[in-house]
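Chains: A, B, C, D and E, in written order; residue numbering restarts at 1 for each.
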Amino acid sequence: MSLLGVRGLGIDFGGITAVNALDFDVQPGEIVSIIGPNGAGKTTLFNMISGIYKPDRGTVTLDGDDVTSLEPHKLAERGLSRTFQNLQSFEQMTALENVMVGCHMSERSPVWVDLLRLPSSSRRNRETQERAMTLLKRVHLEKAAHMEASSLSYGALKRIDIARALACNPRILLLDEPAAGCNAVETEEIDALIAEIAQEGVAILLVEHDMKLVMKISNHVIALNYGEKLAEGTPAEISRDPKVVEAYLGSHGGKEAADALG
Amino acid sequence: MSEFLQFVFSGLTVGAVYALVALGFTIIYNASSVVNFAQGEFVMLGGMATVFIFDAGVPIWGAAALAILLTATIGILLNKLAIEPARGASVVNLIIITIGASIFLRGLAQIVFDKQIHRFPAFSGDTPFNIAGATLLPQSIWVLFGAAAVFIGLYAFFTRTLMGKAVLATANNRLAARLVGINTNFIMALSFALSAAVGATAGVLVTPITLTSYDIGVMLALKGFAAAMLGGMGNPFGALVGGLLIGLIEATTAGYLSSDYKDAAAFIVILLTLFVMPQGLFGQKSMERV
Amino acid sequence: EVLIGSTLAITGRASFLGDPEAKTLAMLVDEINAAGGINGEPVRLIQYDDGGDPNKARTFATRLVEDDEVVAVIGGSTTGTTMAMVPIFEEAEVPFISLAGAVAIIDPVKKWVFKTPHTDRMACEKIFTDMQANGISKIGMISGTGGFGKSMRGQCMDVAGDFDIEIVADETYGPSDSDMTPQLTNIKNTDGIQAVVNPGFGQGPAIVTRNYRQLGIDLPLYQSHGVASKSFIELAGDAAEGVRLPAAALLVANNLAEDDPQKPVVMKYIEDYQTATGEPVSTFGGHAYDAFKMLAAAMETAGTTTDSAAIRYALENTSGFIGTAGVVNMSPDDHLGLDLSAFKMLEIRDGDWTIIE
Amino acid sequence: MLTRIPPRVRALLILSILILIAPMLFPSSFYYRIGTLIFINSIAVIGLVILIGYAGQISLGHAGFSGIGAYACALAPTHLGLPPFLSLILGAVISGLLAWFVGRPILRLKGHYLAVATLGLGMLISMVLNNEAQFTGGPDGMMVASLGLTKGLEGLFDVNLKTSVVWYWFAGVMVLLGAWIALNLYNSPTGRVLRSVHDSEIAAKTVGADVARYKLVAFVISAVYASIAGSMLALFNRFITPDIASFLHSVELVTMTVLGGAGSVLGGIAGATLLTALPQALTVFHEYEHVMLGLIMMLVMIFMRDGLLPTLRKTLTRRAIA
Amino acid sequence: MLSVNGLRTRYGRIEVLHGIDLEVHSGEIVTLVGANGAGKTTLLRCLSGIQPVTEGTIHFRGDNITTAPSYARVKQGLVQAPEGRQIFTNLSVEENLRLGAYQYRDARVDKDLQEAFALFPILREKRNLPAGGLSGGQQQMLAIARALMGRPMCLLLDEPSLGLAPILVDQILETVKSLKELDVTVFVVEQNAFAALSIADRGYVMETGQILMAAPANDLLADDRVREAYLGV
């Protein structure tokens, strides 16, 4: 049984089909990349899997349980966590607090405990803070810990987003263009981070237009076009697939992909 | 039957007043996402200024025109002196500023004018039309036409002109508006002037029916706001429908159920509507993707 | 220096009460100081604007007592503000003359509390007396939901039975409503109605009157003493013709008989007020006039401007005082001292008040 | 030295010191009343700091909950024979329950739509209070039983105490309590979720927070605060009118909250202090009173964007650094 | 065309640009590279008048525009496609584009609109839909197309390739090159430094609010420090 299973998933917006009849599986520790032209439906797919959109057709399963259209917070409790293409930072909170909110599931307690600040509440607070700090270090942002998110640059916010998602202790992590806005060197750091996370057994579903990154770390690549599966296979297979090259990679992307594969 | 018709006439008259206020809200909201709580004061200023200019011997049309001009100027000043300096402040801050402005304008009006209740003669006399046993005052027809005219004007402005689009763009994303070369300060001044003028026009039209005094603005702003939200904030058509609907609900509740709870009926309908349609009847869902 | 306090609804919904009241007090203080003050001491008036808000009124009442340390207080334009302040003056033992309408202010009697306007109960009685004389027994009522209208409605319901009057339609309207035709349509369609009463103040009664004519209802319309100012006639326009209401002599000063003891008093007040403010008088300013004059008289009688107990005692024993509301004779169980005779039944004819008896 | 203490404790310390030393500056016992009113308003405002400042949900109807609290204290002692203090609790429970029941559908709304819905809720409560005159005395209001604080203390110490003095200390303690709870919340797991909802509901959901529930929690807590403030006002004034539940009072509370600095408890208290004391100070302007009030509100919001206190704090720390 | 001298700016108390000197000549493509948080976006905000300058000057076509309002700069031909796309989410795609040409009311607007649609056919398909419904990359196309509608003399691009599919990155670079033929000057900030430098005439390297290097693009591509820090090779 796969960790994440997607069967026949589809959704329409005002009569236009954004995603249609999609099937795929993700196993623990696996990195699966979704690529495809702009508007192919990648983000929409993420939004359906993570419960933000209700799909019109099909099912999503986690460990074989049907979790289609479950509220996002319920999915988070089952170990599904994500980042956003359009940043959703908590702007008026510090970088550290952003990540601490990510630890919510491990620190929550009855409201009255927090209102009265019972010792257990303070203790959890301290633990969370330490954990959040460790995560910030992992994305090289410990210096920005006490800065308000609204005063951070785009690249820094992207990394906070990742740290926050990691704070949920996910079993499966959905990353929507994590390297967008990062230069080659910064992308390499992210690439190492993702590989490391996968190593720990977390399944990763990745949307990214940076072919160097995708081809280097994915176990498996799915290419979408107009909401439907165009091709599926290993990075090498995909990067050679003429349909993918024509619709998506182009000459430049093809070259990058080839470079990455060595 | 004639009594039902009478309730409808009453509802339309009152509703048109609310609709005019709501339309005034729409303009500033569309330019800045701010609900201008001083909108009721614009209506008051229109009415009160007309009263005093008229009493000074100016013919009613001249008085009305001067009053509208005066109110528009105050609108521009409000923008220039209070809204523009607060650029970049959050929407809540701006709302508090407009509440401060409404207190300020009311205070000023009670000094410059007075605290008495006033009216001036209806434009076409007070002899009611008798329609199927129900009566309707000529001034009510003026108000209805006024609301319709303002609605059509605004609708055309926002859907047909690039300037209208620029107003919407300014509210939607001020930064982007500046980057495409829109003079957002001018757009704001324009919308405040326009909104104040619409408010003052409302004041001129309704004063013969509702009477006016320095503090009528509070209640009008409240009802107009409710009407605008029921219709869907930002949509002129929504403002028109919302206003008329609230007027009709109040009149029929007062007529058929209980006059004590007619305001309550209006708010219950608003609440239930919003539960089903969180964007109001004709409101646009704001498009933000993640 | 004699410190007299006042807190009135100078702004807000009841400002058309508080505004003339405040102006009257200011005028009287100037006048009395020009004439050498009370018992030779100059008077200083400390005036606050409570906007008709009971919580604010209570704060100002405390401020007058504890911070300003006034010797007596005039004020409370509305029943709500008055009732909120009563406990403070009772506790601090400061004489307090209210300018609000409800009978509840002085019934039951409170030791330190007085009032000058006729009660709403008296207004109902006066109206019903007139109806009875005209053979009216089934009436409709349309009342404002503000404090004044609500309280008077209750009093009218209470006393209607005494006059064999049955209230067969009972409608209300909100303080800022602008169209009452639905309510009036219902009254119009009620069988057997012979007259309509409208307790309320502000713009409401003017609109009711206009809607009444718009609907072509040709039954007698009775307004309350809450509309007793010239502006009502202006606002209601032609529709006001034939409207009846109970009011104080002040409104019809010119029509009073030459030997009426009230005539010189009200004529002087009218003239003074109009010179001082340039505005026409209303009965509301008259309430303040009565309160101040009565207080000054009490201080003179008591021979003190500081001993509140003595002043209170003198106030309570006011007798034969001639004010704008009528002749006042107070007693330990009547802190108003007016009777029905002080009210005149007026009708609006040709845009002016006329006395009908 | 002060900077070593955690901000939460520091805020409480500052507040306690202010409450303690303020009476030394009072020229007359009247100022105890103003102090008490400031505290009572502060309590309602702290609730709104949690709702508006932390969670970013606006309400233009909280005066309605104050009305419930006030009338619970007015009605329960006579009709149910409940002692005044229990009536206060009863009011808080009713307000909390009402908020709980209506909160779910209402809080699905956003921004101005939420504002109008809460406004409607407040209006409905105030209309009931106005119209059901047989219970509430209608617009003219009704008397309220005494809480018996003064009597109780006099019995204990055998002294003659002024009501407003006793109330000053009682309300002062209540404010400290209210502030303590709100400050506890700020940096707690729950508080953090509320503050994150302020910025992005979707992101808060994806980290596992049941956003609808947390918004409801904030709404209920703030309703309870408002209700307690209403009860206290009724018991303090011993007289109550439906004005307490009016739309204008709701707006006043929100204004206090924002003016002082919506996100901070001390800011909220500063806002309550300003707007409660200002009308008293402005009486010297007579007819210009309202003009001045409006002007001051506008100026504060224009020049102190983050609200009174946060701006002052920023200026001070800048001074300290320079 | 564009010259910046000793430019400084701050967010609150923190200075983020510490005296930038920079020159863009007419008809050039100039690129600016730098790490996250270096201040690239901030510099562009200053150039467009969104961010006030605390010290230094900006000259555009000989005029000192340091304090000119944004709309005046657009009128003079200095147009930006900003970071984070900043489209009008509630307006339709076509309305977005037409607002890009807000200064102009002539027939060329319609022609430009057709050209924009030709450049990004997907935008034609979605012309009547609210722009907020577009995918990330589609929004990026819209932002660039909208800037082109403003008939720039000098185009400022903040990470134009962000979120675009590789095939479109090629296309954007081609477009930028073709702009040069139309005599449009381009100043582009890009994280994809390799691609950007390969089409640029000159390049600047920025680090923590300062210009570190300025050189012809080819020299930068060959520079070891640049290769290591930004190209990752």
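The working rule: a residue touches a chain if its C-beta (ideal position, glycine included) is under 8 Å from a C-beta of that chain, and two chains touch if they have at least 3 such contacts.
Here's who's who by UniProt: B = ABC transporter permease; D = Branched-chain amino acid ABC transporter permease; E = ABC transporter ATP-binding protein.
Computed from a predicted structure; not experimentally measured.
Common neighbours of chain C and chain D, listed by label, are B. Contact with chain D and chain E alike is made by A, B.
In this assembly, the chain whose C-alpha centre lies farthest from chain A is C.
Among the remaining chains, E is positioned farthest from chain D, on the basis of C-alpha centroids.
With B-D and B-E as the two chain pairs, more C-beta contacts join B-D. Chain A and chain B have Cα centroids separated by 47 Å. Once the centre of each chain is set as its mean CA position, chain B and chain C turn out to be 35 Å apart. Inter-chain spacing, taken between the CA centroids of chain C and chain E, is 73 Å. Chain geometry summary: the mean Cα position of chain A and that of chain D are 42 Å apart. The residues of chain E that reach two or more other chains are 133-136, listed in rising order.
Multi-chain contact residues, meaning those touching two or more other chains, occur in chain D at positions 131, 202, 287, 289-290. Contact with two or more other chains is made by residues 10-11, 145 of chain C.
Contact annotation for chain pairs lists A-B, A-D, A-E, B-C, B-D, B-E, C-D, with touch applied as defined. Interface residues of chain D facing chain B in the complex, by the touch rule stated above, are 52, 58, 105-106, 108-113, 115-117, 119-121, 123-124, 127-128, 131, 202, 247-248, 251, 254-255, 258-259, 262, 287-298, 301-302, 305. Chain contact summary for the complex, chain D toward chain A: residues 181, 184-185, 187-193, 195-196, 198-200, 202-211, 217, 221, 263.
Looking at the complex, you find that chain C touches chain B at residues 10-13, 15-16, 19, 145, 171-174, 176, 178-179, 181-183, 185-186, 189, 202-203, 206-207, 210, 214-216, 231, 234-235, 237-239, 279. Partner chain D is touched in their complex by these residues of chain C: 10-11, 47-49, 53-56, 58-59, 62-63, 65-67, 78-80, 83-84, 86-87, 102, 104, 145-147, 150-151, 154.
On the chain B side of its complex with chain D, the touching residues are 35, 82, 85-86, 88-89, 91-94, 96-97, 99-108, 110-111, 218, 222, 225-226, 229-230, 233, 260-261, 263-264, 267-268, 270-271, 274-275, 278-280, 283, 290.
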